[in-house]
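For reference, the structures are reproduced in the following blocks.
Two complexes, one shared chain (chain A), two partners (chain B, chain C).
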Partner chain A sequence: MANSQTVTSRRGRKLSPFWRYAPFWLPAFVLYSIFIVYPLATAVGYSLFAWDGLQRGAFVGLDNFVTLLTEDPWRRNLWRAFRHNIAFFAGTMLVQNTLALFFAVVLHSLKRGRQFWQNLFFMPHLLSTVLVGILWDLILNPLFGPLNQALRMLENGISNILGVVGINASIKLAYPWLGLPETALATIVVVNAWAWLSFPMMIFLANLGSIPKGYLEAATLDGANNWQVFRHIQLPLLRPAITIVSVLTFIGNFNAFELIFVMAGSGGSPGGSTDVLGTFFYRTAFGTGSERIAIGSALAVLMFSFIALTSFIALRIFRSEKVVYD
Partner chain B sequence: MRIISLLTALLLLASAPAQTLDMWSWRTEDVEAYENILQNYEGTNVNFEAFLNTEYNTLVSTSLQADEAADVVQTRSYGGVMDWIDGGYLLPLEVAALDNYSPTALDAVRSRENGQVYGVPFAIQVLQMYYNKAIFAELGLEVPTTWDEFIAVNEAIADAGYIPMSLTARDAWMLPIFHSVIGAGTYGGNAFVEGILSGEATFEDPAFVESLQAIKDLQPFLPPDVTAVSYTDSQNLFINEFAAMFPGGSWEGAFFADQNPDLDLGVFAVPAKGTDEQLVSWFVDGAWAVTANTEDEDSALEFVNWLGSPAFGQLFTDELAQISPIAGVTPTDPLLNDIVTLWNEAATPYMLLVHFRYGTPSGTTVIGESIQNLFLDNMSPAEVASDLQAQMATWFTPSQ
Partner chain C sequence: MKQRNPVNLTLVYLALIGYGFSVIYPMFLMVISSFKETREIFQSPFALPENWQFENYLTAWNQGNFSTYFGNSVFVTVTSLVLVLTIGSLAAYPLGRYQFRGKQALMMYFLAGLMLPVRLGILPLFFLMRSLNLLNTPWSLIFLYAASGMPFTIFILSNFFETLPRELEEAARIDGASELRIYWQVMLPLVRPALATVAIFNFIPWWNDFFFPLIFIRAERYRTLPLGLFSFFGERQNDWALLFSGLTITALPLLVLYLFASKQIISGLTSGALK
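Let's turn to the complex of A and B:
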């Protein structure tokens, strides 16, 4: 800041832009410090002490972290939750962000009705996560839910058609989606994608809109088809948007809690197959006994450090790819 | 002018004589009932206030640390109240009303450090099997008194096209309840609990493994895809008479009757696999305690003594249709009375809640997840038992 341009205040003192713009950043800074930085710092403090119920015990250094990382059942739960977070992130990238990119490109090419579709896609975004969870819970209900009823009708239909051809096979399409360890997490990934799809889509759409039309026209004149235009013009120019969407998805998915809590409970039903770091933290911090504040804080600090560090590194690596249209 | 009158009002409020006791509760739905009940108390005036259930613990903990809590507070039980007891925030009680309770009931608010009691329990919950009397009559079934009869009843119901027992295995917290309803007699009830507490028994003992095998044996009689069935679904199956039995706590009955007034409900204790012993499990829901920061200790203790009296217990069960643990109280509600009869005949503590919620992970959390895996064929009964033993051993030390 010292080298940047300075301005002179009315009283003749020199004010750097840093202080000149204080009325703009100071309120946000104060609120951020009180509600984000301060609790984070306290959590770091808590994680370094032993706890006896509500009372702080002796300073124990990194003991709580060592317990969390090396002793069962903590260690086992931690790594299982971590693996599920990775799966959740990978699944979301694959389902949500790929579909978002696809819909963005399609909507961008629409000549009419783009606003209508955009609004339609944005609708689920207006529902609270808890509402989304309960809504899909009802749709996926194994006993009365419309999804499995439709799938059962489809099963019968297919069997009947096969029967006419002379093949006797029973097709199974209706599953207890949230009740099987094999399908539960994937189902939640899809529901989560349904609710959040419009957000990356909007980012992609905005970025597609900023690509000068001339580029696309030139390519088309040279004989490029739609796929080639997308693959060689639009996709490379969208890389900064893809980076930011990926980092935001990463942060969101590693902090995931609400939807899983609503759809699979704090234990990650069934049998812990949907347990993520968020639900593991919830169980620990809101459990009973002397471990909960100590280990809970240690877990919170670990989660924050991992997410912050990974996001920082990812942004540093991809930052050089700024796109400038001259 | 308005400001001055407001200030005067505030001053008047602040200088009012301290002849009122404050009483805090998490039962926002019971405010009216408590106001009716408290009219019968002839001592100091009591001001009853209720706060949101989910925020209550945090609110009271913070107030206790700041010496600003009410004179009398509603507390959770067992592991849920130990922070307040061990922190010295509650007064130990030596009131006459303690004689109205069984020692087991008082364990819910007993310090594990000095053995003193810190509250008077207000309600208990009993776990047993509900059954639909109309379906039993339609199929000509009797309440079973042996394990074999119990299996035969299940088979007959299944053959008739009903779901024998409605259960959720998606909401894991119901699974230790199911295990207690079915298996408490099989693992040996109170004798096994004493063994576990003294270190003579472990969860890997054959009797406990057998109690887990018993619930696995019953899986064919549960709703299909039970790990996908939610708690609400399981209630609906029973309320709408698709299922003939429902293993659950005494809090369910009022809800069932409210949702379907035509339901003819009965209760029984499931005969144990192996011994046919018929046991129900139970636990204390919570208690009333005097805070250490009260400014009127004598009045508060006198009031809590009344909260532990048969007079209060009778008003409590009449107004709120809950079971009072106070001796000499009889529920007016016939179904609750049936439950109390079962409880008086043979009961054992809901072990994993009563004794294994003093540390993290709690016994109920661990076994809930494991029983899901048991139903999914990912774990055997022996594996569930040894996992429970290993996880409890991380914080639980038997008293030799």
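Let's turn to the complex of A and C:
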């Protein structure tokens, strides 16, 4: 067999299989090394130098990180963006992943039509983030957007009904959702959930499918109701899926950029109320400041280290106990 | 299984229909609005179009440059796919079928890419593209996509090559076929299902990608659909009829593909993010 064969090259030297197969693996190796490995390997190096515009200066050690973490406006922007990422993550866990879990349990209990609902719910996930952002920007338009038009009809309807009963009150439901600092980020969380919900749902569904049916039957025979079955049997056994969904949501939310960039611009309008690390990075690294490469690189390294470290710790803590069915 | 009382069952279906509606209705609005005049979208957003304005699509396609964007997206995704499938399957072949010194290291080197976030390297990548004179050309995207797709492609294909029976290959070898010929004429046709999996898995994120075109591409004539759509959105904020046609043009290929291959797409996209 070809496994341990060695072939003699033209000059009579033995060519090891590693090199004999080089024509096969070398093109992939070159492409991958140039465009993936090299940029990643040099990314950290970039953050350790001073930069004047696009010109690299002297080696400065961790100075760029110190500037980013201690000097305004960097420091102020960094912490504000960080807080918004935390809020984005918390909101997504609360809205998207809770609903995803609910629908996974519901779909899992269906006897018929699971595939249909699954396919339907998955549809927004196919759309480009830009498309989702623009579509919802139009729907949420304060004046002409269908959402506020519907809400204004509802306002009128409610005040008419109240008027019949003799109460004279004006109800306000239509708001410029993306234009108010109080509602903008929450609105983007909901839009993001609209696009992504099916993804955690599929992970929960896969996990639910791996729980032996006998467990649920035994509990039901013992007189447990649906809620008790969910709370005491399914939920504890869903721990692997909950862990992986939480970590993936964390990674996704701390890398968030496109949706916010499209719906709120690179500055996170209104007034920076939706600015996250992704938009802060884009503004810094691809803006016009003379320190853009220095601070931008430091920010990229900081973000990556934080995301990697947090995910790693979370996985170590929550994945330590394997679920074993015996 | 659990017994259901009718009240619960009604609530379950109300929730499913309610959420299904919220999924489908924005897309439905997008499609019907694309056939209206802008004035009509503002005045009666929920009604079906009075006169179906098919010319919105012609205007978006020609004057809105969507023909260019569409062509660019097709060119970039198809070329990247061809590149990743040929180069990736070439590399996967010896890695899947043979034992040799250095193979483990090579495999680890490629698979490390599954966990590395490409965006961390965006600044060096930008400089690299600049010095290779690739900025502002579709090739910046093609090389990056093909390179970033390499780990997953090699991972899937080498596993697939491993499972193929030895007999076929040995017969070919006795007939004096070269290694390259065995790969191309005997092995590659047998891994076609895996090639399809890899293609679907890569196609959708590339078709939808906005981040890298935003960084690499400036010129109008090289913009892909997501970037073109974004600039169009900035320039024609008030022309909602055209905006909705542009959105529909961008969404349509994937929705059509989804009709035919929903199962493969769902498993492709979910397994991909879990890699």
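Simple rule for what comes next: the second predicted complex is superposed on the first by the 287 of 326 C-alpha atoms of A that agree within 3 Å, B and C clash if a C-alpha of one lies under 4 Å from a C-alpha of the other, contacts with A are read in each partner's own complex, and residues count from 1 in each chain.
Rule of thumb we're sticking to: a contact is a pair of C-beta atoms (placed from the backbone, for glycine too) under 8 Å apart; a residue touches a chain by one contact, two chains touch by 3 or more.
Keep in mind the model is a prediction, meaning the values are calculated, not measured.
Check the residue A:177 against both partner chains and state whether it touches chain B (first), chain C (second), both, or neither.
In the superposed model, A:177 contacts chain B only, not chain C.
Identify the partner contact of A:52: answer first if only chain B is touched, second if only chain C is, both if each is, neither if none is.
After superposition on chain A, A:52 lies in contact with chain B alone.
In the superposed arrangement, which partner chain does A:156 touch: chain B (first), chain C (second), both, or neither?
neither
Return first, second, both or neither, reflecting whether A:291 touches chain B, chain C, both chains, or no partner chain.
Only chain B is touched by A:291; chain C is not.
May I ask you to decide whether A:228 touches chain B, chain C, both, or neither, giving the answer as first, second, both or neither?
neither
Any idea whether chain B or chain C touches more of chain A?
It is C that touches the greater number of chain A residues.
Could you pull out which residues of chain A sit against chain B in one structure and against chain C in the other?
54, 137, 144.
Hey, which residues of chain A end up touching chain C in the complex?
1-4, 16-18, 21, 23-25, 27-29, 31-32, 34-40, 42-43, 46, 54, 99, 102-103, 106-107, 109-111, 117-131, 134-139, 144-146, 149-150, 194, 199, 202-203, 213, 216-217, 220, 226, 229, 244, 248, 255, 257-258, 262, 285-286, 293, 296-297, 300-301, 303-304, 307
If we count contacts the way the header does, which residues on chain C are in touch with chain A in the complex?
1-3, 8, 12, 15-16, 19-20, 22-24, 26-27, 29-30, 41-42, 45-46, 83, 87-88, 90-91, 93-95, 98-103, 106, 109-110, 113, 116-125, 127-128, 143-144, 146-148, 150-151, 154, 166, 173, 179-180, 183, 204, 207-211, 215, 225-227, 229-230, 233, 240, 243-244, 247, 250-251, 254-255, 258, 262, 265-266, 269-270, 273-274
How about chain B: which of its residues touch chain A in the complex?
61, 65, 79-80, 82-83, 86-87, 169-173, 223-230, 233, 237, 357-362, 365-366, 368-370, 372-373, 375-376, 378-379, 390-391, 394-395
Given the complex with chain B, which residues does chain A contribute to the contact?
Checking each residue of chain A against chain B gives 52-55, 71-73, 137, 141-144, 176-181, 264-265, 267-272, 283-284, 287-292, 295.
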